[in-house]
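Okay, here's the structure, questions in a sec.
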Amino acid sequence: MKRRALLGGLAGAAALAAAGCGSGKDSGSGGKTEVTIWQQKFTDQEDAWYKKAVAAYNAAQDKVKVVHQIVPADAWDQKMKAAQAAGKAPDVFTLNYNKVQGFARTSQIQALDGVIAADKWSGLQDSVVGSITYKGKKYGYPMLVEPSAVLYYRKDLFAKAGLDPEKPPASWAELIDYGKKLTTKQVSGFSTAGNQIDMGWSTWGLQWNAAGHLPISDDWSQPRATDPAYKQLLQAYQDLYKQGVMPKQPLAAYADATPFGQGKAAMMACGSWAASVLLSDFPKVVGNVAAAPMPSFDGDATKPTATLGGWTWVIDGKSTKAQAAADFIAYVLAGDPALLVDYFKTTKFSKYSPRTAVADTISSDPAAKENPWAQTIQDKVVKYAKPEPTYDWSISLAFGKAIEKALQGKDIDTALKEADAEIKDIIAKNNLAGQGTTS
Amino acid sequence: MTRLLVTIGKVFLAGLFLLSALFPLAWMLIAGFKSKTEVVQTPFQFFPEVWRWENYTQILEDPAFLRSIGVTFVGALLFAALSLVVNSLGAYAFARLDFAFKRTLWVVVITTMFIPGIAIMLTSFIVVTQLHMLDTMAVLVVPGAASGLQVFFLRQYYLGVPVALEEAALIDGAGRWRIFLHIFTPISKGALVVVGVTSFLAFWNAYVWPVLTITDANLFQIQQYLATFRSDRSSELGLLMAGSTLAALPVILLFLAFQKQIIGGIRISGMK
Amino acid sequence: MTTTAGAATSVAAPGTREVSGARSRRRRHGDTKVAFVMLAPLVVLLAIFVIWPLLHAVYISFFTWSFYASSEFVGLDNYVNVLTDQAFLASVLRGLGFAAMVVPAQLVIAFAFANLVKSFSGRMAGLLKVTIYVPAVISEVIASIIFTIIYAYRGGILNWALSLVGRDDTAWLGETGTALPAIAVPAIWIGMGIASLIMLAGLLDIPEAYYEVASLDGAGWWAKMVHITLPLMKNIFLYLLVTGFAGSLQFLVVPLVMTNGGPLESTTLPNLFIFRHFTNDLYAGYPIAAALLLFLVLGSVSAVIFRLVRSEKAVDG
């Protein structure tokens, strides 16, 4: 009796496993081609826009059914690698500019020139197209750009500290000086990235600014981290930290503007996206906040202080439905500007479109005034910004490590030397010499 | 006088234990009543300005929350049941039976305890993909059910069951299955509850595996649901804390319901 | 923590030997048939979902393994690269240091707790037992977030409480000196419940008669502790040592969420190091080789400790 019950239980378990085997769903819902898109989890409003865009395309034609999936950012890499290993990668996915060329080099994504018609590429900013081009072919369709570093500051706290609210710091010396004046027991004078990962990418623009190049030669054959011009950058971080202008522990991740909104810092370096957080979560603070470009080391405001990050849509290297996937991408990103304008609206105009048609519609939209900093950022930051570097992330990380060492009070020359050696090692291990493109 | 001091000291120490175990949970509960910008605001505020019950009601009214908690609950029960059957049978064989390759098998089973998850994450995903298990309850329940750790725990427990009990049954001509079901299973109820509860908890708190294998929103697990409140750019901290509190409640209740068995079951010799 | 229900230690049962005695009367391997049937579900599931993936992973670790370009056989290169990588070795040493903070703290707390519970009776003991276990229901991700909120530099409750006694804000997670101990606290908190209950179980298993006899001989609290409790609890300590050690070397989520490995790598535990390479590297061979090496470290150190446990009282397979 009991034995039978037990065997029954086992059989049940086996059936469960078998049920798993049976219900594997294949594509072909009603003869339609199924195209999958994975999107990294953004804000709820952005996610809702993606859903809408997919629905719009599914309604607009009857040959392809797009299946949309939101993937949590903290599990993106695991999910993507597992899917790639098992041949289950999505046809379309979102990718940062700085990763496009590396993915192209390793065949993880495919060229779009053949599947997206030439006229769909017109009206895109040249520098952005440069970021998605590898060996003369285009590998991703740009969706948006957002400058990685903008200086936000509290005008009321400036006035209280005896500073002119209309005059943001123009040099790093001023930034540190103002920061000291603004620092109180409860409020940090200036808040920015505090760990090597955040510093690895958020300082790209400042690396350009300090030295006029990135810490690797243009053709990626030699490290250039020991350029003495980088010392001022590391020195600035060291001073900010040592003098207590910067909080001793990051108030939040670099990308999160919440602490600034909460009044924990009087100045903050953050990307343009901070605007949408401030506007939606801290409406009372907005009137007291101004935006400016990050200061330039030599005071020249036309030098870059930021890089243009953001997202592109790419097609998996093994996707067998490239044409269908490309048609979908073209419909959403290169089609009717209204669809995209809607996206920039939901993100409170805190991001910028690299497509002229879309950018023009946005700037003529009266609602754009809702974001009081957008124009400043466009004119003073985006205008001079550089595209993101396209080399391996480990190189950026090596330089981020050097800045963190400086921050923690280590010797600056040694830190740069160690970064230089590490970059050299990465070049050798990954055969990067000669892979670089001029940008 | 010394006696009184000792008692006071003990009560103080007990209070300290209670506080350190429960404080972080209480802080989560309270944070669940705050708005997202209030959770770590300055100047510091212990209690929320306004108690935002809506954080909790909003989640409770979200069909996605109810569905994920229901699906996870069912999955966790199935997982606990399967884990009990598979591991207790194996443990009994290792504890009491004499068979070929026993030593080798034992070493293999026990070693699986130490495999870092990341070493086999990709390759086990390949396996479940090839078995067409993606997007089914089976992919959550079946792969992790066999556990070296649980077998080890139960085997130690079974080793402690006096042999006299089964000697008599063997002489009466009872088979191994009968002995396992009628002698070992009832006598080790407590240990089995421990295995059940810990398996249940492991399933309940699983995050990465469900993210990898489940894309069907109808099968979303509770930790996947909670992840929707997190973001690099500004997390919904109030909602996240409220959701985590709500997600912990059913498990705490389950634990309270079985507390006697859990605490009894953890007795090592098995016999009182 | 992976030290879940491993509760029962090798506190061997009386009667183990007798079983062998009973068995010897029967023919050798006499239970093979029934044993294989009973073991079948366990062995089949482990084989499919653990052993095969493990063998596959070992195979892969000899290749560069890219999912798009063809994989290249590199022999032991991945292993050599891992073993010559200072950062990997440093992370393993750091992991051992972390374990050296977490495990003893857990043992001491659990031991103190168990003794305390034993000295109480009835409702208070019950309340304590239930309470200590409750943290186990929280997932590591959520626990890490809760503690990050507690440690927040500005607006965190810890710095607020300290400000009441006049201390300035402390960067618990921002200074190389405090970050690792600071993340050890949630690690201890998460595992405290199970360790305490196991300890309590071991304590309750010591026959009361021993203490009574000792009392008659005039032994005090300290003498009983040193001569009865501690020696009889040795196996429990050893068991918690093994599982605690294996568990604390494998922490990933806690440092990932709380510090991202910083400042200056001071909280980059071995699994986080591997995870970094897993997410950043173009090839998967290296991180898999590193994970397998970690497996080797865990397995062999645990084997040594197990042997020690076994030598106490034979619990032979």
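Letters A, B and C name the chains as they come in the text, with residue numbers starting at 1 for each one.
Everything below uses one rule, namely that a residue touches a chain if its C-beta (ideal position, glycine included) is under 8 Å from a C-beta of that chain, and two chains touch if they have at least 3 such contacts.
Keep in mind that what you see is a predicted model, and the values were worked out from it rather than measured.
K.L.:
If you tally the C-beta contacts for A-B and for B-C, which one comes out higher?
P.N.:
Between B-C and A-B, contacts are more numerous in B-C.
K.L.:
Among the chains, which has its CA centre at the largest distance from chain B's?
P.N.:
Checked the centroid distances; the maximum from chain B is A.
K.L.:
How many angstrom lie between the centres of chain A and chain B, each centre taken as the mean Cα position?
P.N.:
Chain centres of chain A and chain B, defined by C-alpha means, are spaced 37 Å apart.
K.L.:
Please compute the C-alpha centroid of chain B, do the same for chain C, then give the distance between them in whole Å.
P.N.:
Averaging C-alpha atoms per chain gives centres 15 Å apart.
K.L.:
Counting only residues that touch at least 2 other chains, which ones in chain C make the list?
P.N.:
41, 152, 154-155, 278, 284
K.L.:
I need the residues of chain A touching at least two other chains; which ones are they?
P.N.:
10, 13, 74, 78, 81, 85, 186, 262, 264
K.L.:
What positions in chain B touch 2 or more of the other chains?
P.N.:
Expected reply: 40-43, 85-86, 122-123, 126, 131, 142, 145, 177, 207, 227, 230.
K.L.:
Which chain A residues qualify as touching chain C in the complex?
P.N.:
Going by the criterion above, the answer is residues 10, 13, 74, 77-78, 81, 84-85, 89, 102, 106-108, 185-186, 188, 194-197, 247-251, 259, 262, 264, 317-318, 392-394, 397, 401, 404-405, 407-408, 430.
K.L.:
Spell out the residues on chain B that touch chain C in their complex, using ranges where they run on.
P.N.:
10, 13-14, 17-18, 20-22, 24-25, 27-28, 31, 39-44, 46, 85-87, 89-90, 92-94, 96-100, 102-103, 105-109, 111-120, 122-124, 126-128, 131, 142-146, 148-157, 159-164, 167, 170, 175-177, 180, 191, 194-195, 197-199, 201-202, 204-205, 207, 223, 226-227, 230, 237, 240-241, 244, 248, 251-252, 255-256, 259, 262-263, 265-270
K.L.:
Which positions of chain A touch chain B when the two form their complex?
P.N.:
These residues of chain A touch chain B: 2-3, 6, 9-10, 13, 16-17, 19-25, 41-43, 69, 71-75, 78-79, 81-83, 85-88, 186-187, 253, 255-258, 261-264, 273, 277, 281-282.
K.L.:
Name, in rising order, each residue of chain C that touches chain B in their complex.
P.N.:
Contact set of chain C toward chain B: 2, 4-16, 18-19, 22-23, 26, 28-32, 34-36, 38-39, 41-43, 45-46, 48-54, 56-57, 60, 112-113, 116, 119-120, 124, 126-143, 145-147, 149-150, 152, 154-157, 160, 163, 186, 189, 192-194, 197-198, 200-202, 204-205, 236, 246, 250, 252, 271, 274-275, 278, 284, 287-288, 291-292, 294-295, 298-299, 302, 315, 317.
K.L.:
How about chain B: which of its residues touch chain A in the complex?
P.N.:
36-37, 40-43, 78, 81-82, 85-86, 121-123, 125-126, 129-139, 141-142, 145, 177-178, 181-182, 207-208, 211-212, 215, 224, 227-228, 230-235
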